[in-house]
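Lettered A, B, C, D and E in written order, each chain numbered from 1.
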């Protein structure tokens, strides 16, 4: 594995994580969180944790996002912080 | 049969939860008897296990047949077995009392309530019995998740309280998980027995110390030690009474047990108490917890809030007592796990009865209650005496050991805090008893001299009988403190 | 300087996990919006998973699926050739737990919204103090 | 709150950074984590369980008990969501809206009015603006079976490749969720009722726990699949392999059902109307 | 010296607890209910009496009820001092029960069942204290007494009762938990035992400062003894119905307090040990201060019961003083004073109650000429006050005599002065009442002439106790021999 890739992905992960907390649109936050999960999943796949990556791809990037969207849909999309 | 107790203990309630859920779609009726049977069997198994341990010493059960450290092991010694009996007993008693409270609430979802209830209990039992640090985390989470749901179904402020509990609980569990990660990083093992063999060989390592700190930090959040207690009062006082009688007596106590277990069987006492600063820090945290818990309890106007803050103070008792590091302090802490579970159960059952009759738990609505519900009040008084620490109720004896341990260790701050909290408890409970005892006063503050008869309005028998059993046990356990101490606790105390 | 770079590079996974944990923790504690708190919680949990997976990593090793198992010929298996599977197993469990927690947290958030008609904690608090 | 949060975060950060000082180098094969217990799994997994995917072997066998509770946690989450959110609607909506699918005309039917016959031409909707997209619906209908087949493959082939009950279950559940998103919740619930989801989820975990119990009843300890060898007519190692398969199926079933159950309750806030 | 294992001490304690359910069940039939009370009281007295012969022969009874902690049990032990106190309180219970009936029915009080239940409970606790074999048991019964008397003190359930009840509990329970409990634990930690022994538990290696601290914690911790500044619950508790004040606040509760102090001083610290450390003097001054101050305050009280209360505060410290002298005669005097003061003070309280029942008066200034209306009551009052002042024909003379001898024996001349001054003060606050009652013309308070005594249920008990007070002067047995015997045991180790 190439450590430069790792560093780039890790940076992106952190950016996505902070972004998910920072945006005021909760659907946007959910999507950013999904991106975060997906990047995380890539990272784990690189590290050889294929099963974990697989799970994270289906759960973190998939079902979690759907659940977030569903819940936001039932409440309010705008956040004040 | 008897060698399978550790497995049966946990799986029978767990499996019963599936039955309750599946059958619940057909009819809500069988849910309660199934839950009752499951918990009765858990009580039976834990008693059996207890007997086994007392007879033959430590019991080890290899799940999946794999030897530790490769598989998951259940390691049961007298301490586990004792706590197991306490848990399954409290859960069963509260379940009996919960029947009437559940009927009519939860709008047709009572099977789900019972299923979550038994899963909560099996999680607690699992936490207690397990000998694997990661398995403990999973069980911690199952308890926590079901607990959030049970709490969230309370009155109108309950969802927010449940949510805050969830956030704090997750932080706590995650810190614990992180601590386990550090441990694993440093040792490569997850089995408690194996860890306790490895750790002494590498104990100078920074990583172990941080693993220790993170594990305890997580547990402190979960057990609501003072500065980390914020989630507890709301969660316990807004939850439905049927659930609070289960969650309040057990959760914090089991977390204390986990702390004790980690120190005894994972980090080893020599390492834990050998650290120059940490034990003292913990004792001071406990002192602050006791004082602040008591003071905050004074400021409350609802019975359940008062009880919740008392729990915060009681956590301080046990944490402080344990970290005194001498045998009296530890005996007191372990004895107090059982005693406090019983006392809190008793008082929460009482509160449940009050809420059942009065529909609220505000102190000002308690006027004349001693005439209205004399039996419940009698139990309340005995429970209160036990919390205050009046002999021969059991609360006295654990406090006795705690104070003695404090004197022996020269921690006079801890002793003073214990006495202070006893005094505050006197004020607290007599404030309540006074309200219930003095009849509704007229405006000028004088009672009418022709005393109006207040009609009796007791809680139903199904709630009174469990309460009576608990109350009698408060005294019974108190009188048999010696048997508990010499028969059980002295066996498990490590030699430091 | 080189030492620091070396330290940063050799442990960058750990640093990233620390940053993520702090971000997540900040989201859980300091954010007012309940959904944001939940997102923070997930970031926090994922950070720990990252930590575990980093523990399991092994230089010059492959994924923990024994190769010859597909063919059946006798090859000597060497532990150094395969990445440590145990953290993966643990983290599978942790992911499951985190999604379960997520579900319950969202359910609670929806109930909170039903009760107070807002998801902002400070607004709920001001509603409560008005009562 | 912000400030205390920041302080706590910084304190935690300092603790964490201080904690890493003595970490072994990243990816060091000789670190204790990689040299104490885990080599055993790598070396013995095939001999013990005949499962080349060590993660599956450890997950479902060596640490099968963890996995059982992991499934129970998922089940508890589904149950908790149901418990917290589900509202069995007591009062029915006064007017019901139906859309005539081929024309897109929406009709309101007041209380007591005759409802249209159950057929595919009419679908019930909750608000005027409910979108309808033929392309998405049709596409999803076509791809869902393929995804489901893949999910089944992931479950069954978990022994030899990444994957297993959990991942497969999530994907299976996701197909149903996809169906619910592309159509609507009511249609989905008609196909797979909430009761079904709940019973499946408890059945899945029950399958797991009951397998363990069966081993116990056959005279071994809980979850020791080798005890099933007589029952399955194979040697103990293969019995373990088959046992793993059984519980993977249980996990898959349970996880799928719970994902669906969670989605049902969250997307409609427990009302089970048209959902998202 | 091992005592005889016997269940009788436990019976003596339990008999009134056993009466509680019976009393509760017969709440609808007052006569039956009071029958139970009398039966229990009589039985209790008989059991205590039956224990007496062996004790007088120098033996003792012991019983371990339950071993609650390793090496520490709830244990009963009957010795001469204990039985002295048990005898006083159990005999006075009978009298008070009779008086209660007259008083409660005369005033048509509410919740009489509850009253009799808790009365019985209090008596159990009192006997329990008397028969305790170790500090833990003592503490247990002490707390039980505090709690059982709370409903009695607040019997009226009005705002005033509420306030006094609060004060009562705050002082009594607060001091016992805050002071006695830590002291007890410290003693247990230092000595490893809590069983009373006249030799004292300490080995002598402890620092005197620690001993002094423990002693002070104990003395003030048993706030029922009313040592200043822990006395102010006593006047407050006078809101209770008079029989309660009479039995509990002149006999049971306060005497339990001093009993505990005497027990602790003689049985835990040991007289000889304190003497070597010369800590008795400290106690003496504390007691002397209380004696004088309380007497002075009593002078200024107009409410009859309040004056009696402050008199009690002062008299209790006599007992403490007697023990604090650490001389055989002083201790004898202190112990005797428990009995003598009990009979005298209960008479006075009964009289106050009888006056209240008959006329409704509570204040001394209203009593002008009342002697003509209630000659028997006021006659008894005179006898009672004589006894408390310590002049014949009151039995108090004997105990005071021994106290005076004790001061001389231990060369505490200042204490002698204190005793004399306080006796004068006693006379100064009691005799004007008698004078007012008999020789003042009835003022505008409107007392009609002609006899109008309280109901005979009230009158007979008070006449009886007054009579006893006189008899005790001439026949101080068995109290004297019991006191003498226990002093002999205390001094045996010398």
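Everything that follows uses one rule, which is that a contact is a pair of C-beta atoms (placed from the backbone, for glycine too) under 8 Å apart; a residue touches a chain by one contact, two chains touch by 3 or more.
From a predicted model like this one, the values you see are computed outputs, not experimental measurements.
> Along the shortest chain of touching chains, how many steps lie between chain D and chain E?
Graph distance in the chain contact network comes out at 2.
> Report which of A-C and B-C is connected by more C-beta pairs in contact.
So, comparing the two chain pairs, more contacts are at A-C.
> If you average the Cα atoms of chain C and of chain E to get two centres, how far apart are those centres in Å?
70
> Quick one: chain B and chain D, Cα centre-to-centre, how many Å?
Whole-Å distance between the two chain centres: 32.
> Between chain A and chain D, what is the gap in Å from one C-alpha centre to the other?
Using C-alpha averages as centres, the distance is 19 Å.
> Taking the mean of the CA coordinates per chain, how far is chain B from chain E in Å?
That pair's centroid distance is 43 Å.
> When you check chain A against every other chain, which residues touch at least two of them?
Within chain A, the residues that touch at least two other chains are 50-51, 55, 59, 63, 67, 70-71, 74.
> Name the residues of chain C that each touch 2 or more other chains.
Where chain C meets two or more other chains at a single residue, that happens at 12-13, 21, 25-26, 32, 54-58, 61, 63-65, 86-88, 90, 92-93, 96-97, 99-101, 103-104, 106-111, 114.
> Can you name every chain pair that touches?
Result for touching pairs of chains: A-C, A-D, B-C, B-D, B-E, C-D.
> Any idea which chain B residues touch chain C in the complex?
134, 138, 141, 145, 148-149, 152, 156-157, 159-160, 162-163, 166-167, 170-171, 174, 177-178, 181, 184-185, 190
> For a test of understanding, state which residues of chain D touch chain C in their complex under the given definition.
Residues of chain D touching chain C: 1-2, 4-6, 8-10, 12-13, 16-17, 20, 23, 25-29, 31, 33-35, 37-39, 41-43, 45-46, 51-55, 58-59, 63, 66-67, 70-71, 73-74, 76-78, 80-81, 84-85, 160-162, 166, 255, 262, 265-266, 269-270.
> Name, in rising order, each residue of chain D that touches chain B in their complex.
Residues 15, 18-19, 21-24, 31-38, 40-41, 61-66, 69-70, 72-73, 75-77, 79-84, 86-88, 195, 198-199, 201-203, 205-206, 209-210, 212-213, 216, 220-226 of chain D touch chain B in their complex.
> How about chain A: which of its residues touch chain D in the complex?
50-51, 53-55, 58-59, 62-63, 66-67, 69-71, 73-74
> Tell me, which parts of chain C touch chain D in their complex?
Touching chain D from chain C are residues 10-14, 18, 21-22, 25-26, 29-30, 32, 54-61, 63-67, 69-70, 77, 79-80, 82, 84-90, 92-93, 96-97, 99-101, 103-104, 106-108, 110-111, 114, 121-122.
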